[in-house]
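The structures considered in this document are given below.
Look at the two complexes coming up: chain A is in both, with chain B in one and chain C in the other.
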Partner chain A sequence: MTAGEPATLIAAPPGIMEPLPAQVLSVDKETHDTFTLRMEQPPGMAGFRPGQFSMLYVFGVGELPISISGDPEHPGELTYTVRSVGPVTYQLVTRQQGESAGIRGPFGTSWPMAECRGKNVLLIAGGIGLAPLRPAIYHILRHRGDFNRLVILYGARSPKDVLYKKELAAWNLLPDTQVLTTVDYGGVSWRGYVGVVTTLFKFIRLLPSETATILCGPEIMMRYAIRDLTARGFDERQIWLSMERNMRCAVGFCGHCQLGPYFACKDGPVFNFPQVKPYMDLYEL
Partner chain B sequence: MKKQAVRFDDTGLTCLIELLRGEGYEVIGPRKSGPAVRLARIESAADLTPGIDSETSPGRYRMAGAPDARIFGAGPAAESPKRYLHAPEARLAVAERENGAFRIIRDTPAAPKTALFGIRPCDVAGIARLDRVLLRDRYKDPDYEARREQTFIVAANCVRSSETCFCASMETGPRAASGFDIALTESVNGRREYLAEAGSTKGAAMLAQIKAEPAAADFVKASHAQCEAASAQQTRSVDYRRARKVILRNFEHRRWDAVGKRCLACGNCTMSCPTCFCVNTKDSSSPDLSHAERRRLWDSCFTQAFSYIHGGSVRTSTKSRYRQWLSHKLAHWQDQFGETGCVGCGRCITWCPAGIDITEEFAALDSSSQS
Partner chain C sequence: MIPAGVRTSLAKHPFLEGIPEPLLDKLMGMAFEVTFEPDQVIFREADPSSFFYLILSGTISVEIAMPGRVLRIQTVGEGEELGWSSIMEKVNKQFQARSLSAVKAVAFDGVRLKAECERDTDFGYFVMCRILEVVAERLRATRFQMLDVYSSRGGAA
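Take a look at the complex of A and B:
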């Protein structure tokens, strides 16, 4: 948090104030309403850190904050997993290969990969919240020796809403890696877990003092998950989460993303839990 | 810089306006405009309206005759000078379709040269608060920066306070300490006279061109004493140093429910506020889809859509939106920018159709803390 003035003021690099056009390389269907877009990284745009987001612009329609869901060490392209819920996201997921969209960014704080080094990493995702966590997973898998056990707990609404099905299955086969998926409603053919994501806690064996936890999902899910974690002895200071708010500018000028004393766009979206703890339980903050 | 202070009468004031106009500034000052004193274009000193006061109270504004023939006798103008720096609507970018992709055309129109003439110390402080947010945070807002560089500020210190003023407690007035190019303090002793103090090299250079005598120490003292008298007139106050603690501790105070029932969520307070900076963006395209543009418009945290994320708004109740606004003004702005978002101009009180008073709301939380 920056009370007073920051030490140095940086001139905005390209792609911060105005969107840079970028070509869509591919659009892949993940679920009935969610698609993954691979886009070329516009020249001059800085690389991203896991957990950061971009503002994606559709010509004449609008602009939205979307988390980057690809591999941070794959230069030249940026990947976004987008759920079609409104005019801009609908336009994004219906892009054809070779068409373009605008990108600004990358913006915001990132997952604490340095603090996770040498520890077990517990990733807890709800719904589309798995997308912003995927760059962290790629990072851990690329530098596997730097991290201990990797546990991914993922809760989706129903089997048809489960993202990255093949990757989840592949990750689960890796040594020292455990992936558990649960759904709120399973239907007749689902053979996996049913229940909210916190019901998976009883299946994991992690020493709380040796574990860093990062969460991304609906606020209510994160609130209850953290309550359960702390009850199980996990240290609040070793918990990070990503907060969602309305954003129009991503650079702290529009005021929409305020979360108590923070601007989610520049002080977040990734927060260390003690930073936001006083505000998490305040209804309609 | 040596502090420069001179003394002149209406002739000097006329000369100052002419000098500003001669340098290409559009002079914007307080003048009678319909039923209110508003900031509007000033062609010459004759456009300034002497002998007018403004009576304000919660939810009420009336122009009234003043006891003396001061030019700068009325309280803060109906609207703040915010619109001249942080435009109510501005074009952010224009895009043109090109071979299936698009191209952003940079078209930042040249900022107009504007002299804000006779604005109040609270408004001068308001501009300093906007500077902190839009120029001295992580990035600079290009539109604001261009306008700000082309702005000349002539402050008029207050010698009378309106009923809704509380700048003294916010430490922004009634006398401006900084943030101006020239500060005027008006005196009437049979005729109007002005103490003019330079606050910048630009201001000092301007004053050097006016035929005026240096201000003697006793004239400076007598002029400033009027401001102290104005300060003593103020009945409203906010203890802003306690605000962070009081507000965070009283997030669930029943007072919020009461004010939430009175508040109409109309957004008048945010529009009239000299520091409210929130904006929305609007995209549009030409019918043939060859051109598109993004515009930025003032927005208000009192709208339901302001906090909308997929699945619904974060702040659905009026109560929560009023709480967000007041908490931001007095408490969270301090966390974010090291100062308050309130300068004590009182406009949010005057222009609230329900007569909600920020000082009263804060005092209620402070006096009956539910810890």
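Take a look at the complex of A and C:
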């Protein structure tokens, strides 16, 4: 722009700067505190890629970033898996069918599905971190011929905290697909593994050089998991993870989610590990 | 007496990876094969420490039994070890172990194994280094477990 030239306002696409109202289609209980909401996709809102998130707004209460957990190739609706831990999430999970909430988005970077093509894909999820990985799983299963072996390792706190139980069991029956679930503590009725998610690494048979790894879960879990993976010969450059920090504006304006030179909301949440490696151990960040 | 097939499987067990042949021969002389049916209690808490197991197949849960409640705190399976404390004197079993599936393992008498470690220090050094790796790995996993990273506080405990 030169001196004297009038400023031009560029309109943001619908649903980026202001929330668009959307109806709740269904609310399904996953665990004692976690629910999956299917919502209509507001008209004009762009489709999403696996790994992206929305800002969900309960009018008069507040707004939160929530990862999209549904099928990216199922147009017309958006799915979110939400753990009820505060006022906004409580209001979201207690919505009734036909009630509405506001949606902004979709925002952020996505899982590297193109880079995973032709390779084995190792997905490592912890707790609610399985939700942002589910769209990637749907994508891989829909385009199965493009990917080699799929291994899903999932760690949860206890058997009652395991998400998507039926889907995990169904995926494990698919050819070239292995699903292993472990819990930190189990009762006598739990017949699966007990121990942290890294204890499952010994059961996977994947050639590190031919494997792309995607992680989502508590940061400390990802840190330990990556340490183990690299010790086993996995290439750091073939590891991607989701860094979900304190996203507020979701468009890189407010700076709340700054991570070194990056804003997690717009440069992430999905990062290639070497990008964020220097910042993962810093207490101040 | 250990059959030749079991010896081959045992030589591939991660605990014995890289073991010199004479040390493997010595271990073989102390080993015997065991199997457990699903849901069989292998040992109970406070039992005198007796056997050290290298698991060849199947899954075993390590449990804490309380009145009316059993808490599973760890599972161990193929390629792992059970009962490392049997190599220490005056230590009774700290936990209960139960097979979750049919289990095949090779067992060693802890007292005899320790005595041989003291008599043949090359053998003893090898065994103790491997035991230390097992203990270190279990300690690391326990610390990680204690963080309770999946709680709503997200490891902030």
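Following the convention adopted for this analysis, the second predicted complex is superposed on the first by the 274 of 285 C-alpha atoms of A that agree within 3 Å, B and C clash if a C-alpha of one lies under 4 Å from a C-alpha of the other, contacts with A are read in each partner's own complex, and residues count from 1 in each chain.
Following the convention adopted for this analysis, contacts are C-beta pairs under 8 Å (C-beta built on N, C-alpha and C of every residue); 3 or more make two chains touch, one makes a residue touch a chain.
Note that the structure is predicted; figures quoted are calculated from it, not measured.
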- Item | First (chain B), second (chain C), both or neither touched by A:P278 | first
- Message: Between chain B and chain C, whom does A:G102 touch in the aligned arrangement: first, second, both, or neither?
- Response: first
- The chain contacting more residues of chain A, comparing chain B with chain C, is B
- In the superposed arrangement, which partner chain does A:F59 touch: chain B (first), chain C (second), both, or neither? first
- Name the contact category of A:A46: first (chain B only), second (chain C only), both, or neither. neither
- Query: Touch check for A:L207: first (chain B), second (chain C), both, or neither?
  - Reply: neither
- Is A:A170 contacted by the first partner chain B, the second partner chain C, both or neither? neither
- For A:A12, select first, second, both or neither according to whether it touches chain B, chain C, the two together, or no partner. first
- Message: Per the contact definition in the header, classify A:V85: touching chain B only (first), chain C only (second), both, or neither.
- Response: both
- chain C-contacting residues of chain A that also contact chain B: 83, 85, 218
- Item | Touching residues (chain side chain A, partner chain B) in the complex | 1-6, 9-10, 12, 16-21, 23, 59-63, 83, 85-86, 98-100, 102, 218, 244-246, 248-249, 251-256, 258, 260-263, 266, 278, 282-285
- Of chain A, residues touching chain C in the complex: 33, 83, 85, 126-128, 155-157, 161, 182, 184-188, 190-196, 198-199, 202-203, 217-221, 224
- Name, in rising order, each residue of chain C that touches chain A in their complex. 14, 59, 61-62, 69-75, 77, 79-80, 100, 141, 144-145, 147-152, 154-155
- Query: What does chain B use to touch chain A in their complex?
  - Reply: 92-93, 95, 97, 100-104, 106, 132-134, 136-142, 248, 251-252, 277-281, 283-285, 289, 292, 294, 299, 301, 306-311, 314-317, 319-320, 323-324, 327-328, 331-332, 334-338
